[in-house]
């Protein structure tokens, strides 16, 4: 029964407007911009720690806008951005005393919350965390708990909160929603979250074995004829279809993986003849190389923050 | 109008599923179906099937251990209706919809008084009920499944607590006229009948344990421990419904006794 | 000594366990010492009589002057409070009394003092420490911001028998502590799931800042008594020996 | 019963003492032949009893129970639903496509519409967990991801399975089936419940039937209400050697295996104690690809091993009440090296070589994956 006191919106929810400029001009529609980067070339990203004074540790990570996005921002032809660049803010609170109901734990209890801002993704996300966000939280917890030395912090809790200000695309916005509907953007978001969280934890002076960084690799096929090829740090908006992708949380000092998530059909892959690896092995190695690249930026950011705290004292 | 009981029954004296007014649905039951719990049972009355598992008198949680004078065990009931149970797939928000909470509270108060809980001070008996498919008289089937599981868990009780539903074949809103009363009481209602006709659930137990010899005069030792009715009926019909319900309970008691005796553990 | 990096980041190899002991802030992996937090690397020479290896640690506190790689003794520095430190066994903590019962007093831990300066704060100790501590404590002592910060701080218990070393069983808790006092105690155990256990059974431990009934700051008179400078009334506390 | 458990992604931490953990770890990490508490070989699975079509009110159902009492029941129900054409498909490119598709209607019909992932809805019910806890959400997402992702190869004789499961759910451009898969774990999860849930879902989907479509083309769907002529969700190939043995399926739903690595050994179907000491836990979803004979990998997820949450043992050197010896030097925080036989919660991740070995043992010819799928093919799903 309708709630008489409140004037509700249309029950079925509304659809975002479709701009007239799209319908008529066939040429006006920006075609999908294919990937200009080399297969093993990673995107640059900006990482800074220690910007939120009230948190024990904090960090902000932002990917550089892709060439197409930069061009679209300079002279916008249509109001829909061709691709999106990941922006993640991470805060760490702890070590905090545990609530009374929690049994005695000799180790640090890690709780991770991943939340998308309502405007982050192409489709608006509500304020209640849905399954994909909770799933990301579990993946992040697996990645970080491998790196933290938990038994040095008995009886205390560590809260890690990540706000995704702008998420990655799952596909090019022009494609039909069901063309390849697996959410490939989630893997890039997870990789960014892992790197940002690891920087924030280092900023909070929590004992870690190593700085964990996330890396993504994918098997993409731009035209149906050729077999899918391996690319690092994939931007789903730049490819016609993605066969399979993998995200890895990697610790370079110990050459160990703390978290692995591989999706899709990696059986057919165009690798060089000499390369004896199967599809998924090549994917995992590619993701590790991407993670190693991200790690260099992570170590510089942490070094900068220590140097900065020298200057202040 | 779909084929409903109140129009066709007066003509054929047969119900939708071909039963007479006093016939029970097919009752199949097994006990100790799940070795991981202290006691467990599976019971199906017609298409209503329920699995119940009892986690026997265990150390009470710290919270209620401290409550003064908890000289007896605390019974905890958790009812969960599966998504695929009803005709329409309905996902309850964490199983906390009205029906399952109503059944849980009724069961908790029933078994709190029925079981000999004074034998297990400072402990908790937790009963978990999963409704696999719901086709009417859910509370009655849950009571029977619980009784079987508690017997399997070896928790002492005065007698088998058996539940059954009874209803009237018409809307039974006008007073009963003894000369030409054409409404028959119905036993063990299925979902369409329960939705459409007035019905009540009654559960009885025997105070004195039923020995071999005194099978005949056990009528007056029967005690009603649960009586729940959620629909409207004229007071004059109540008595016939109760009589039919209590008779149904004793029929079910024999079936359950056979099940328990039948399964040599 | 091979080249010790002045600043270490987590996961950086510092040296092999053959030449160094691993101190706080580092961990051992395949007999090599790795840093586990980001910060300056400090080498503490082993105590002279035992010819064992020096201890390598990564300090959390960022020093004013560049930490000289030479084995400096306890470096004096104007230190920001050691944030993120967890009360460990034998560490000295400053806490505010939140509840006084017949058998115990519940306190919430405000600051954990650095173990290396855990011996009584000698005069030469970081004077700068005092003003910082003073500012923190006065703000903590005044009543209005008592409530909000309590759930963020670790809670601890001072049991009746841990209050003082002499006449343990004649202790009357009301004469020892009052709610709102600032106490210096030493942690004796991790305790149960929500409380640490601390003790004030040493001369230099106990109440060192308290407000009188009239509400103004009192000064210590004897080891059992503090007096209110304005009203002159003295109240009984378990007083810490002032320096 | 529903005490709020710490919502870590692994099942709750088992109550084993450090001594038991270290004993288990050494026995499981013996090079080449690990000794398992119940004497199984590293690739031996526990016996289970399975039955299908136990619930009359569902399109398909299955029940699988282990000998130790953990049981799972899966019910699959399907309902017809209107496909909402999302606005952004109305932009010019697909409008153009839509335009010419209309005028040559007969030729490619509904094949243009491929299925969507969210038509398959999965919910997992574990006693003691709220349904938005980390474990049910993680398991649900893992199984749904491999179910929806399994794009079948282009085997000719099964046209409607070309788009995988989600392709099968398409009725026409405006209507589709929505599949509700409800997984009910009946008892406390003694072991990590994933393999049990995935096997039960596998059998339930094989036994799922959808009513036969009588309407054709784009009109509103109308079905034959005789249940005997209903078609299977996963079509069966009719080349059956003899009616008695199990029917063969060209495309099967995926199966998720749980693999743990302890030291150098790779162990399958671990029970709860073995998971408690595992260095690494992987969930690998595979299916038999219809065109080539070997296994196809669908998804891999690493699970947080509960061994990181356990209590560390205290070596005798540091144990204060060991014959009154003076406590060792106070560099206790960084100092303890790996003292033999004393349990320390596992630190760090897992070597890459171990991961590739775990995946290879599942996917190689005659490996464990093939063995499980053959085992499942033996089950007669009536």
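To keep things simple, chains are lettered A, B, C and D as they appear, and every chain counts its residues starting from 1.
Keep this in mind: a contact is a pair of C-beta atoms (placed from the backbone, for glycine too) under 8 Å apart; a residue touches a chain by one contact, two chains touch by 3 or more.
If you're wondering where the values come from, they're calculated on a predicted model, not measured in any experiment.
Asks: Expressed in steps between touching chains, what is the minimal separation of chain B and chain D?
Replies: Shortest path length, in steps: 1.
Asks: On a CA-centroid basis, which chain has its centre farthest from chain C's?
Replies: It is B.
Asks: Chain A to chain D: how many Å between their CA centres?
Replies: Distance between chain centres: 24 Å.
Asks: Taking each chain's centre as the mean of its CA atoms, how far is chain C from chain D in angstrom?
Replies: Those two chain centres are 51 Å apart.
Asks: Between chain A and chain C, what's the gap in Å when you average each chain's C-alpha atoms?
Replies: Chain A and chain C have C-alpha centres separated by 40 Å.
Asks: In whole angstrom, how far does the Cα centroid of chain B sit from the Cα centroid of chain C?
Replies: Computed value for the inter-centroid distance: 64 Å.
Asks: Pull out every residue in chain B that's touching 2 or more other chains.
Replies: none
Asks: Mind pulling the chain C residues that touch 2 or more other chains?
Replies: In chain C, residues 25, 27, 29, 36 touch at least two other chains, as defined above.
Asks: Which parts of chain D, given as residue numbers and ranges, touch two or more other chains?
Replies: Within chain D, the residues that touch at least two other chains are 132, 333, 348.
Asks: Once bound in the complex, which stretches of chain D touch chain B?
Replies: That would be residues 1-3, 55-58, 61, 65, 68-71, 73, 75-77, 79, 123, 125, 127, 130-132, 180, 182, 184, 186-188, 190 of chain D.
Asks: In the complex, go through chain C and note every residue touching chain A.
Replies: 7, 9-13, 25, 27, 29, 34, 36-40, 60, 62-64, 78, 80, 83-84, 86, 151-155, 190, 192-194
Asks: Which stretch or stretches of chain A touch chain D in the complex?
Replies: 15-16, 18, 22-26, 29, 101-102, 105-107, 109, 131-132, 134-135, 137-138, 141-142, 145-147, 149-152, 173-174, 176-179, 181-182, 209-210, 246, 249-251, 254-267, 278-281, 284-285, 288
Asks: Can you list the residues on chain B that touch chain D in the complex?
Replies: By the definition above, chain B touches chain D via 33-37, 47, 49, 51, 53, 55, 61, 76, 78, 80, 82-89, 91, 94-95, 126, 128, 130, 132-133, 135.
Asks: Would you pull the chain D residues touching chain A in the complex into a rising list?
Replies: 4, 6, 8-9, 86-96, 113-117, 132, 134, 137-138, 140-141, 145, 148-149, 151, 166, 282, 289, 292, 296-304, 308-309, 311-312, 333, 344-345, 347-352, 355-356, 359, 363
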